[in-house]
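Consider the two complexes below, in which chain A is the common component and chain B and chain C are the respective partners.
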Partner chain A sequence: MQSWSAKPPRSLAPWALLAPNLLLLLLCLAGPLLLLGRISLMGYEAGHGMIPIWQLSNYSKFFFDPFYRAILGGTFLLGAEVTALCLLLGFPLAFALSRARGLQRAILYFCILMPLLTSTVVRTFGWMILLGNNGFINHTLLRFHLIASPLHLMYNVTGVIIALGEVLLPFMVLSIDTSLLNINPSYYEAARNLGARGPRIFFRITLPLALPGIVSGCVLVFTGTLSAFVTPTLIAGARIKVMSTIIYQQAMALLDWPFGSAIAFTLLLAILILFAATLRFSERRRTS
Partner chain B sequence: MKSSPARATTLLPAKGTLMTIRGFHLGQRFAAIFLALFVFALLPQRSHAQTELVVTDYGGSFEDGWRKSVVEPFERAHPDIKIKLVQKLVFESMALMRAQKDDVKIDVFMMDEVGAAQAAAEGLVQPISVKTVPHLAELYPAFRVPGDSFAKFMFDASVIAYNTQQVSPAPQSYKDFWNPNYSGRIAINNLDSATGLSFFLMLLKTEGATMDHTDPAFAAMKKLKPAIVTFPEQHAQLAQLFTQGDIVMAPWTSDRTLLLASKGIPIAFVIPKEGGIIQEGGLVIAKGTRKLQAAQLYVNFALSVEAQAANAKFTFLSPTNSKVVLDPQTAAKIPNGLNAIKALTHPDWKKANELRPQWIDRWNREVTQ
Partner chain C sequence: MAYLTLRKLNKRYGATVAVEDIDLDVAAGEFVALLGPSGCGKTTTLRMIAGFVPPTSGEIRIGDADVTHLPAHRRNVGLVFQNYALFPHMTVRANIEFGLKAHHVDSAQTRERVRSVLALVGLSSQEDRYPRELSGGQQQRVALARVLALKPDLLLFDEPLSNLDAKLRVQMRQEIRRLQREVGVTALFVTHDQEEAMTMADRIVVLDRGRIAQIGSPAEIYDRPRTRFVANFIGISNFFEGALFPGSPFGLFRCSSGLEIAIPPEIAAAASTAATLAIRPEKIEFVSAETPGSLPGAIRQATQLGSTMEYLIDLAGGDRVIVHEQKRPRVPVRAAGEHVRIAWHPADCVFLQSEKERSDDRV
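For the complex of A and B:
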């Protein structure tokens, strides 16, 4: 590898290796995105189709309507809630995983990855069986007289947070695990030698050094939530509106591709801004 | 082709030392292999002697019946044509038809009347005729469309589906959804689905509203809102809700209710006294298909007496072919025959289609919010 980078003019290899991926990305991502951008500027008339003009009214329709702004806000709030849940549950898990060795680690690792092994639709229907008003959880709790009436876990935001938290948890755990494993054990020994105790070591050494992993885990979970479509649709139904479900409604049920594209682009832009801010934040921390 | 990447990887352990192989830079060699693989992937597969006809259907339990009643017998009758089934929901199909306009990949679409009429209006369909699809002549006149732009191969009725153990007496009217006994145990399909739209159109009638003046219907829905468990969009969701007992009553369709009942769930339907909407399924040939003849044969087969009788038996689709004679058991279950067809409401879909975006927008804000 070093010999290649030492001779930049001759190093065709990295490009050659990248070429298929770049080509695919260009064809399957950049191209459609450009098309989407173009469509978002078109007009639409119900029953007739798209009108090939250039205009910004799809965007103004979105931003000047408190109804749509509230959906954007609600989607970000949902993202924050799922991220908080994953962080809360994920950090201790990642901590345990980073300490485990050998077979124990392998088993734990497998268990953490398990949610990703089934398809979204199957997993979501599974959650519906567990969370329903007559589902397993409510049935069991009622049976043992722990609750008087069924808990409302389905068809609302609670169910969506639970189901999305489950599937996105591995991303959080694995990111944090990686950064925890990268902490040099001698830091801990040095801290102990200097008389620091558990909590102090945790807050002064573990947490700051695990921060890159926490940040990337949060970004993964957050964007995963924002782009989730099947889970909110099946678990919450039409009552909970998130960006992905209104994009689907506009594009598929109403066939209003221009407005659907404009909402999709707005979501993309919002995510990009958030990414840029996060990157800036973590870069600044690293340099300071 | 297969051996080249393997040989390349066996050379890898010599990383850094063995940079050239037969005068090729390793990177160039890799690039060549990738390029070759890529080109190979893009090459069209060697064409079969068979024609492959790509058609859509609604998927799920519907597809099991469709395979048995149409696809398999058709392939037996026409060994030179192979059917490839792709699952698409109505509005997805519409989107696809638009997208593939210049390069048709899917030859025949299955859509409801609303979607098919919209596709025809946008000029995306290849019209048929009695000459190309002879069984068209056997349809009840009510199922022929202007210009024969597509073929109606089945219908079902919008109904009230209810749990036979929990709801007694059986519901009689759409007003029964407002019965406080069933509060918290009903679902109403979201307005952006076909079932939801049919319910809404019946609601207009029940509440004395019209398509142009929908206020009473929305007022009624606002009252009903707290009693509704959820607003499903897919048939599978309703099936799940009924199976789990989370709901005991919901607007649905005759065929889907019977399909669930056939799996042992205590469920039945009524066409309430206000009536029901007739919901028709159409087969649409995509304009510009390269397999026009095969597509016409397929559509013709789906309209045949045998295919429609089998569809009625397996998936409870009501026949549009007037010559179909159902076995007494099936005939007792599904809406069929001229009188049943006449009793169902046939709304002005064109108008409904144009006003739908407005209704959905209001529904989003006032009902599901």
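For the complex of A and C:
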């Protein structure tokens, strides 16, 4: 480390090591993105497909048509709802995880990671079995006369929130756990020594110091929701439309590649802005 | 009247004894140092007084109150942490206000107390800074201001100077003492640095393996150590194992090597037969051959200690002693190989409690 910072490295070795990765990213990510960007500016004719005329009408169509604006708003609302659910469930879990030691922590950690170890399709079908009108949940509740008629958990937003919340919860928990573990235990002792009790310590010490982890967890869950495709498609079916499903619909069903690309680019831009804002937030906290 | 009282304080972790039968009385306004090597139980004792560690048995009293089972947040005891533990997301002012708000002090008084403690530690212009923008010494002062704002019954310091550089450490010793005297608060100061304890404390409590080895003023601890551990941990000493020579009118100590040492009769009367004799290196003088009772030897090694020289001397009988000699004008330092005679005043000898007796009664 010292020798690196003492004089700037002249050798090309670091670049040579990075080259294979950079090349792959350039070919498989940056390239297609550029292509997608170009397509999003092309024209479209029904039955004809893409026609090579440069224009911005795909973007104006998306932003001025109330139908698509509602989908954009709905997708963001879904993102906010899933994020809120994950935060609500994730914080206490992360709190418990950060205080667990040894085997207890290992077991808890494994359980929290479990949703990520299952394939999306299998997991989603699992939820369909649980959430359906004749599914396990409704069946049980009806059996014990806790409800009079089945709850509508499938083919609506509720089901999507539950299923996405499950798979994205680990990102929230692990992110908060990391920042909780980074809090020096002497801060808690100092707070107690100064006369503070549980709630005051939690709201004035624990929560503010865990904020970077909470924010990055929220960003991960939010962007994860925005880009989810399989879960909303399988659980909500055709009834609920989110950005990712209409991108698929435009591109694969209607073969309107230019419009699909424009929606995809809009989604990407929204996520990038969110990331940049969070990055700025955490940078400011570090330097203030 | 004792202000802080520890009675038969014990802490065990399973079979491990961290603190054993600590009895201590600290007078109001007194500054007492808990001194010992790492693992001697000094920090555990401090943490029991702060309320972070429940004692296995024993009693802790502050003023008239038994606080043994009082939770940490209800003891009005200020602790200055080794790493200061300043809240990183709060300004200096917010750090100090934290405790005042927890104690529901009204806002006018809060402002006044923040102002006065910052003036006390000399950081009045820094109240809007964050801890990371302050130097180590300034952070130390904020940590002190933060606990002083609560007007604590007792101040506890957990090796607070160990993260500072040498010059600043010496400066902060005086600063802490000045503040403690000014406020008049009773203080307990944990340290492993004997110099820190010697220069700061009214009294020193030397801890060894969870027990009190000796309590006394810095001078008593240095000049009259009671055990070999104390004699060796605070400064260095020459030790002679041996026994009193019976039937001698003035007191004579015969070492196992055969060396005979004169000792004052009042000590001879009080000491048990088998004992250890200790003598500080700076109490030994180089003398001429005519001096009665002087011991012949040869310098094995001469080491520069700055203003003093340290000589390692092989005595004729096989004993080896360390002598410290102050450098003086026009007196050349001695070289290895030189033949010398040494002597000391019998009154400077210290008899030590046998370590064996001590380790026996532990089992």
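Simple rule for what comes next: the second predicted complex is superposed on the first by the 274 of 288 C-alpha atoms of A that agree within 3 Å, B and C clash if a C-alpha of one lies under 4 Å from a C-alpha of the other, contacts with A are read in each partner's own complex, and residues count from 1 in each chain.
Throughout what follows, contacts are C-beta pairs under 8 Å (C-beta built on N, C-alpha and C of every residue); 3 or more make two chains touch, one makes a residue touch a chain.
As the structure is a computational prediction, the values presented were derived from the model and not from experiment.
Asks: For A:R197 in the superposed arrangement: first (chain B), second (chain C), both or neither?
Replies: In the superposition, A:R197 contacts chain C only.
Asks: Counting only touches as set out at the top, which of chain B and chain C does A:L234 meet: first, second, both, neither?
Replies: In the superposition, A:L234 touches chain B alone.
Asks: If you count the residues of chain A that each partner touches, which comes out higher, chain B or chain C?
Replies: Counting contacted residues of chain A, the larger count belongs to B.
Asks: Just checking: does A:G135 make contact with chain B only, chain C only, both, or neither of them? Give me first, second, both or neither.
Replies: In the superposed model, A:G135 contacts chain B only, not chain C.
Asks: Taking the superposition as given, does A:P208 touch the first partner, chain B, the second, chain C, both, or neither?
Replies: Touch partner of A:P208: chain C, not chain B.
Asks: Looking at the overlay, does A:R38 come into contact with chain B only (first), chain C only (second), both, or neither?
Replies: In the superposition, A:R38 contacts neither chain B nor chain C.
Asks: Please name which positions on chain B make contact with chain A in the complex.
Replies: 16, 19, 25-28, 30-31, 34-35, 37-38, 89, 91-92, 94-95, 98, 118, 121-122, 190, 192-193, 229-233, 237, 240, 244-246, 350, 353-354, 356-357, 360, 364-365, 368-369
Asks: How about chain C: which of its residues touch chain A in the complex?
Replies: Touching chain A from chain C are residues 50-52, 71-74, 76-79, 81, 83, 85-89, 98-99, 101-103, 130, 146-147, 150.
Asks: State the interface residues of chain A toward chain B in the complex, per the touch definition above.
Replies: Contact set of chain A toward chain B: 1, 3-4, 10-17, 19-20, 23, 46-49, 67, 125, 128-129, 132-135, 154-155, 233-234, 236-239, 241, 249, 251-257.
Asks: Chain C touches which residues of chain A in the complex?
Replies: 184, 186-187, 189-197, 200, 204-205, 208-209, 285, 288
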